[in-house]
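Across the two complexes that follow, chain A remains constant while its partner is chain B and subsequently chain C.
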Partner chain A sequence: MLTGLAAGVAALLLLALAALPLGRLPFVGRMVHGGCLAVCLWLAGVALAVLLGGEAPTPLVLPVGPPWGAALLALDGLSAWFLLLLGLVGAAASLSGMGAEAPPSLPAFPLFLAGMVLSLGAGDGFTLLFGFELMSFASWALVAARHEQAENRAAARLYLIFALAAGAALVPAFGLLAAHAGGASFALLRAAPPEGWLAAAVLLLGLIGAGAKAGLVPLHAWLPLAHPAAPSHVSALMSGAMTKVALYVLARLLLDLCGPAQPSWWGLPLIALGALSALLGALRANLEDDTKTLLACSTIENIGVITLGLGLVLAFRGADLGGLAALAAAAALLHAMTHGVFKTLLFLSAGAVLHAAGSRRIDRLGGLIHAMPATAACALVGVAAAASLPPLSGFASEWLLLQALLAGWRVQEIGFQVAAAAATAIAAMAAALAAAAMLRLYGLVFLGRPRSPRGAGAHEVQGPEAWALWLPAGLTVLFGLFPGVLAQLAAPAVQALAGAAARPPGGWWLLQTGEGGAGYRPLAIALLLGLVVLGLWLWRRQVAPGGAQRGPVWNCGFIDPPPHLPFGDPFTQPTAGGIAQPLRRMLGVPLFAAREAVEMPRPGETRAARYEAGFQDPSLPLLLAPIARAREALAAQAERLRDLTIRRNLSLAFGLLVGLLALLAWLEAR
Partner chain B sequence: MAWLGAILTQLLHLALVLVAAPLVVGGTRWLKARLMGRRGPHPLQPWRDVRKLLRKRPLLAENASEISELAPLVGAAACLLALAMVPSFAHGMLLAPVGDLILLAGLLALARMALALAGMDVGTAFGGLGAAREMSFAAFAEPALLLCVLTFAILAGTTNLDAVAVLLRDGSLGLRISLGLAAVAMLAVAVAENARIPVDNPATHLELTMVHEAMLLESSGWHLALWEAQSALRLTLWFALLAAIFLPFGTAPAGAGPLAWLLGLLAWVAKMAGLCLALAVFESAIAKMRVFRVPEFLGAALLLALLAVALLFVSTGLA
Partner chain C sequence: MTFGQLPYDVAHLLGGFMLLLSFVLLYQRGVAAVVNTFAAQGAILAAAAAWQGFVQGAPQLYLTAFIAFAAKAVLIPLALRILIRRLDLHRNVEPALGIGPSMIAGVALVALAILVVLPITAGSRAIAREDLALALSVVLLGMLMMITRRNAILQVVGLMSLENGLILAAVGVAGMPLVVELSTAALVMLLLVVAGVFVFQIRERFDTVDTALLEPHRGEQP
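Take a look at the complex of A and B:
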C-alpha cells in the first residue's frame, strides 16, 4: 500500500517535471490535470484500503532522506482519512482544471498535490515538514500565477509571509520533540511524550504553525485574499484540502505525538480559537461582496468548527471521558470531510460562474439560475450543506459537534463547563450566520435578475468544468444520507485521536451519542421529507389542477422599468451591501468596526445620493500592524550598523567570532 | 402491540395537529380582536382562507424560477415533519426516537431557508429585505435555543424531545429556577421565530415594518396557501413544544390506552388554549419593536438561557 503511495507521489513529481518544459503547449494543461485526476483517484483508493484494512502497514523507508536519519512513509487511520479527503477533493479540482485554460504556473499544481500527499503520508517529522513546505511553496506559486494584477501580488506576498511564519513555528516544534525523543520518526516521538514547559512550547508553536496555515483566527488575514487570487480549481483545492492538511498536522502534533496523557486544559486554547474563528469567519462571510472571498471566509468558519471539535477531544480525553472523546473526534473528522467536499463544490461553482458570467463580484451577477440551471442545482446542494440544513452532509457533522458540545458539562470543572456552554452558543450562532451568508450568496448570484450586461449573457459551462460539479455534489448528498457509514469508515482515525478503545458513535444507519442517547437518522428524515413533499404535491394537483400562470412582477405596484433598462431597474433589486446591512449593524459594528455613511443631496441639488459601507478585520490593527511597526523599528536599528566606523565594525566581527567559539565550547562540554 | 399503539398515536397526532393548526392561528386572532373590543373574524377564518387559496392557480413573475415552485412544498413539508415529532396528547409515538431537538432546529432552519430563497427568487427589494432580516434574527435566536437545549440535556441526559418531556412529566426533577429561566428564553425565541409582536407584526400590511410577510409579497394561489399553512404549523409547533416541555401534565405515557389518550387530549387542548390566550394578551399589551432593537430582545433571551445553564452547574453540584 505504501508503495502505491510512493508511486503516487512519484507520478505527481514526474507530471510536474514534464509540465516544466512543455507547459506552454495547448494540450499539456489538459494532460497534466488528467494525470492528477488519475493519481488522486488512485490515492483515494489507497486511503480506502488502509481504512478498511484495519492494521496500519509498517513504515516504508525512502531511498532519499536527510543525513541524520531515514525519511519514512507511513499511513495510519488518521492520515488515511485525510488522504481520502485529499483524493476526493483533488479529483474534483483536477477534473475541473482539465476544462479551464492552463494557468501560467502549470507545474506547481502537481507539485502542490505532491506536497500535500507527502505531508499526509509522512512517517517522521522531517518528511512531514518537507511536504508541508513544498505544499506552501507550490501553492504560493499558484496564488502568484496571475501576478499582473496588483491585488494578486499583494495577496501572494501576504501569503508567503504567513507560510514562512507557519514554517518558522513548526520546525522548532518538531525540533524540540525530536531533540527530546532522540529521533524524528513518529514511533520514537510517540514513545517520549513531552512534559512541563516543553509540552507548553510545543502546544504554542503547533497552534501558531498549523493555525497560520489553516487560517485560524487571529492568523487568518491571508486567507480571504489568497484563496480568491488563485484559479478557481486551485482555490477549491486550497480551501477544501490544504487547510485540512494543516489541521491534520495540528491533530498529529497535539493529539497523537504529544501522547494521550496531556491535561484537560490543553483543549481550552483550541476551543477558544475555534469558537472565535467560527464566529468571525461566518460574520465576515456576510459582509464580503466577492463570491470567492465570501467562500474563503466561510472556510475560516468551518476550520474553527473543526478546531473546536479537536479541542473537545483533548478536553474529554484529559478528563477520562473516552466515549465523549470519540464523539468529538468523529465530529471533527466528519466535518473535515464534509466541509472539504462541499467547499470544493462551492468554489468550483463560483469558478463556473466566473467563467460563464465574467465576474466574481456579487453586484455584477444575478439571475444565473435561468442561464446555468445545472450549475445552480449543484450550487444549491453545496449552499444547503454549508448552511447545515438536514438531510445534507453539513448538518450531520454539525449535529455530532453540537452533541459533543452539549456534553461538555460532563468535564467536572466549572470553568470548563461555562466555556463549553459559551462555545455552544457561539457554534449555534456561527451556524445561523453561515446560513445567512449562504442565502446571500445564492440569492444574489443565482436568483433575481441580472445586474450587468455581461452577466445577462451568461451561458452554461460545458465539458469537464461541468462534470466536475457533479462529483462533489453527489458526495455531499451521499455523505448527508449515510453519515453512519462515513463514521464507521473513520473508526481507525477516531481511534488514533481518542484512544484505541474508542468506537465511532452510532451504527451504519444512524449517528448516535451513545447507548440509548439521542440519534440522528438522516435516511429516515430524507424519506419522510420526500414523502411529505410528494403527498403535498399530489394533493395540490387534486385540489388545484393546472400549473402557475406567468405575469409581470408585482413588486408592490412598482412601475415597469423604462425601455432602456432591459433587465429592470437595478435599483429595485437588493445589492450585496443591502442584504448585509442588518448583520453589519447588529454584529459588524461591535466586532468588525463596521461603518456606514449616507450622503444625501440637499433639496435642489442634482447629484446622486452616495452610500458607503465598510469594515475592518480586527486582526489587521491588533496583530499585523504592530508586527509591521516592530519590523520597521528593527530595520531602522539595523540601518545604524552601516554608519559604524571601521574600528567598530572590526570589533563587532571579532566579538561575534568569540561568541560563536564560546557557544561551540559550551556545546562540546555538554 | 407497542408498535401498534405507536403508529396509532402518531396518526391521531398528525390528524390532531392538522385540525389544530388553523384553529391556533384563528383562535389567537379572535382572542386578540376580543381583547381590543372588536368582534373579530371567526376562529376558522384561516382555514377558509387556505381552502380558498388552494383552489387558485398561482401567478408567478416572468423571471421566477423553479425555486418559487419548490420552496413552498419544502417549507411546509419541513414544518409538518417537525410538528409530527413533537408530542401532543401521548408519548411514545412512532417518530419519538427520531425527534431530536437539534434536528427540530435544523428542520425549522430548512423551512426558513426555503422561505428566504423564495423571497429572493424574483429579485424585488422587499423580498431581499425580509430575507436578510429573517436570517439575521435567526443568528440571535439559534444560540438562545441551543442553550435552552443544553439545559434540558443536562437535566435529562439526552436531547431527544420525547425523553426530555417524559422525564419532566414524571416530576423527578422538581421545580427548578433554571427551567423557569429557560422557559422565558424559549418564549422569546418562539415569539421571534413565529414573527409575532414585538419582533414582527403578523397583521401588518405596511411593507416597511414587516419581515415575514415581505418575503411572501410575490406569492399567490396555492403557493400562498402553503406558506400560510406553514406559518400556522410553525406556531402550533412552538406551542406544542412549550407545552410538552414546560407544561407536561396529563400527557398519556407510552403504551397507554384510549382513556389516557382522551385525558391527554383534553389536557393538551387546555394547554394550547392557554398559550393562545397568553400570546393574545402579550401581543395586545406590547408595541412592536424597531428592527434593530430585536437583537437586544433576543440577546436578553440568550443571557437568560446562559444564566439557566450556569445556575444548573452551580446548584446541582455538577462542578
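Take a look at the complex of A and C:
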C-alpha cells in the first residue's frame, strides 16, 4: 500500500514535469488533469484499503531524504482518512479542471496535489514539512496565476505571507519535538512526549502554523481573498482539501505526537479559536456579495467547527472520558470529510455559474434554476448540506458535534463547563447563521429573475465540468444517508485521536452517541420527507388535475417594468446587500464594525441621495495593521545598516563571530 | 607528548611567538614597522611549519614552510615597502581604537579562544590543542587589527596576519594535505593584488589611502 502511495506521488511529480515543457499545447491541460483524476482515484483506493484492511506495519524508507535521517512514508488510520478525502476532492476538482481551459500555471496543479499527498503520507517530521511547504508554494503559484489583475496580486502576496508564517511556526514546532526526542520519525516523537514549557511552545507554534494554513481566526485574512483569485477547481481543492491537510497537521501534532497524557486545558485554546472562527466566518458569509468569497467565509466557519471538535477531543481525553473523546473525534473527522465534499461541490457550482453566467457577483446573477437546472440541483444538495439540513451529510456531523458539546458538563472543572456551554451556544448560532448564508446564496443566485443581460443568457455547462458536479453531489447524499457507515470507516482514525480503546458511534442504519444515548436515523428521516413530498405531489394532482400553469411573476405591487428593462425593474428584486442588512445591523456592528451612512441632498439640490454601507474584518486593524507597522519600523532600522562605514561593517561581522564563540564557550561550560 | 618534551615545547614556543607578534602588530603605529613585524611573523610561521614537518615526518610541510617564507617573509613585505615608498606613507597613523583598549580587547580575545578551543579538543593530542588555541588567537587578533585601523594598507596586513593564523592551524594538524596551504597561499597573493589595485584606486582619486575619506562619497557623515 505504501508502494502504491509512493507510486501516486511519483506519478503526480511526473505529470508536473511533463506539463512544464508542454503546457502551451491545447490538449495537455486535459491530459494532465485526466492524469490527476486517475491518480486521485487510485489514492482514494489506497486510503480505503488502509482504512478497511489495517495500516502497514513498517514505514517505507524513501531513497531520497535529508542527510540526518531517511524520509519515511507511512499511512495510519488518521492519515488514510484525510487521504481518502483528498482523493475524492482531488478527483472531482481534476475532472472539473479537464473541462476548463488550461491555466498558465498548469504544472503547479499536480505539484499541489503531490505536496498534499506527501504531507499526509509522511512518516517523519521532515517529510511532512516538505510536503506542507510544497503544497503552500504550488498553491501560491495557482493563486498568482492570473496576476494581471491587481487584486489577484494582492491576494497572492497576502497568501504567501501567511504560508511563510505557517512554515515559520511549524518548522520550530517539529524541530523542538525532534530535538527533545532525538529524531524526527513519528515513532520516536511519540515515544518522547513534551512537557512543561516545551509542550506549551509546541501547542502555541502548532496552533499558529496549522491555523494560518487552515484559516482559523485570527489568521484567516488571506482566505476570503485567495479563494476567489484562484481558478474554480483550484479553489475547490484549496477549500476542500488543503485546509483539511492543515487540520490534519494540527491533529497529528497536538493529538498524536504530543502523546495522550496532555492535560485537559489543552483543548481550551482550540475550542475558543474554533468557536470564534465558526461565528465570524458564518456571520461574514452573510455579508459578502461575491459567491466565492461567501463560500470561503463559510469555509472559515466549518474549519472552526472541526477545530472545536478537535479541542473537545483533547479536553475529554485529558479528563479520562474515552467515550466522549471518541464521539468528538468522530464528529470532527466526519465533518472534515463531509465539509470537504460539499464545499468542493459548492465551489465547482460557483465555477460553473461563473463560466455560464459570467459573474461571481450575486447582484449580477439570479434565476439560474431555469437556465442551468442540473447545476442548480447539484448546488441545492451542497447548499442544503452546508446549511446542515437532514438527511444530508452536513447535518450528521454537526449533530454529532453538538452532542459532544452538550456532554461538556461531564468534565469536572467548572471553568471548562462554562466554556463548553458558551461554545455550544456559539456553535448553534454559527450553524443557524450558516444556514441563513446558504439560503441567501441559493435564493439570490438560482431563484428569482435574472439581474443582468449576461446572466439571462446563461446556458447549462457541458462536458467534464458538468460531470464533476455529480461526484461530490452523489457523495454528499450518500454520506448523509449512511453517516453510521462512514463513522465505522473512520474507526482507525478515531482510535488514533481518542485512544486505542475508542469505539466510533454508529452502525448501518443509525448514528448513536453511545449505549442508550441519543440516536439519529437518516434513512427514516429521508423516508418521512419522501412521504411528505409524495403526499404534497398527490394532493396537488388532486386539487389541480389540469397540471400547473405558469403565470407572470408577482412584482410586489410595483408597476410593470418599462420596455427597455426586459428582465424587470432591478429595484423590484432584493439585492445581496439588502438581504444582509438586518444581520449587518444586529451583529455586524459589534463584530465587524459595520457602518451605514445616508447622505441626503440639501433642499433645492438636484443630485440623488447616497446610501453607503460596509464592514471591516476585525483581523485587519487588530492583527495585520500592527504587523505592517512593525515591519515598516524594522525595515527602517535595517535600512540604517546600509549606511555603515567599512570598518563598522567589519566590526559587525567580527562582533557576530566573537558572540558565537562566546556562546560556544558558554555552552561548553554548562 | 606533553609539556616538557622537545617537540611540544618548540611548537608551543613558535606559536606563542607568533601570537606575541600579533600583539605587536596591534599596537604598532608606524607603517614601516608594521610591515617589518608582519615579515617577522611570516618567518616564524615558516619556522613553525618546518618544525612540524620535522616532528610529524611529513616532507610536504617543508614545502609549505618554504612557500610561507618566500611569500610572507620576503615577497609580500617587499611589495608593501615598495607601495609605501611610492605612496609616501612614512608617517605614523592613528588607529581608530586607542592602544590600551585594543590591548585589553586582544587579551580578552585570546582568553576567549582558549576557553573555546580547549574544552572542544579535550581528548585529542596536546600539541594540536595548544596550537589550535594559539592559531585561533592569531586569527581573532588579525580581525581586530582590521577593524581598529583606518589605513587601507594596515587593514590588508591585518587580513594577511589572520591568514597566517589559519596556516598555523593547518600545519599543526597531522595529516593535513598540502592542497590547503597551496590554495591559501595563492589566495593571499590574489588578495594582495586586489588590495594593491584598491589602494592605487583610492590614491588616484582622493590622494590618500585613509578609508574614512570614502565615507562622504557614500552620502554620509563619518
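Quick notes on this one:
Following the convention adopted for this analysis, the second predicted complex is superposed on the first by the 644 of 670 C-alpha atoms of A that agree within 3 Å, B and C clash if a C-alpha of one lies under 4 Å from a C-alpha of the other, contacts with A are read in each partner's own complex, and residues count from 1 in each chain.
Everything below uses one rule, namely that a residue touches a chain if its C-beta (ideal position, glycine included) is under 8 Å from a C-beta of that chain, and two chains touch if they have at least 3 such contacts.
Model, not experiment: these values are computed from the prediction.
In the superposition on chain A, A:Pro172 contacts neither chain B nor chain C. With both structures placed on the common chain, the touch criterion links A:Leu661 to chain C but leaves chain B unconnected. Contact with chain B, but none with chain C, is seen for A:Leu447 once the two complexes are overlaid on the shared chain.
The partner of chain A that touches more of its residues, comparing chain B with chain C, is B. By the touch criterion defined above, A:Gly4 reaches neither chain B nor chain C.
Legend: residue contacts after superposition of the two complexes on their common chain; A:Ile646 is shown touching chain C, with no touch to chain B.
In the superposition on the C-alpha atoms of chain A, no part of chain A is touched by chain B in one complex and by chain C in the other. Of all residues in chain C, those touching chain A in their complex are 96, 109, 112-113, 115-116, 119-120, 140, 143-144, 146-147, 150, 211-212, 214-215, 218-220, 222. Within the complex, the chain A residues that touch chain B are 366-367, 369-370, 384, 387-390, 395, 399, 402-403, 406-407, 409, 412-414, 417-418, 421-422, 424-429, 431-433, 435-436, 439-440, 442-444, 447-449, 513, 516-521, 524-525, 528-529, 532-533, 536-537, 540, 543-544, 546-556, 558, 568, 572-574, 578-583, 585-587. Looking at the complex, you find that chain B touches chain A at residues 54-69, 73-74, 76-78, 80-81, 97-98, 100-103, 106-107, 109-110, 112-113, 116-117, 120-129, 131-133, 135-136, 138-147, 149-150, 153-154, 157-160, 163, 207, 217-218, 221-223, 226, 291-292, 295, 302, 305-306, 309-310, 313-314, 318-319.
Listed in rising order, the residues of chain A touching chain C in the complex are 643, 645-647, 650-651, 654, 657-658, 661-662, 664-665, 668-669.
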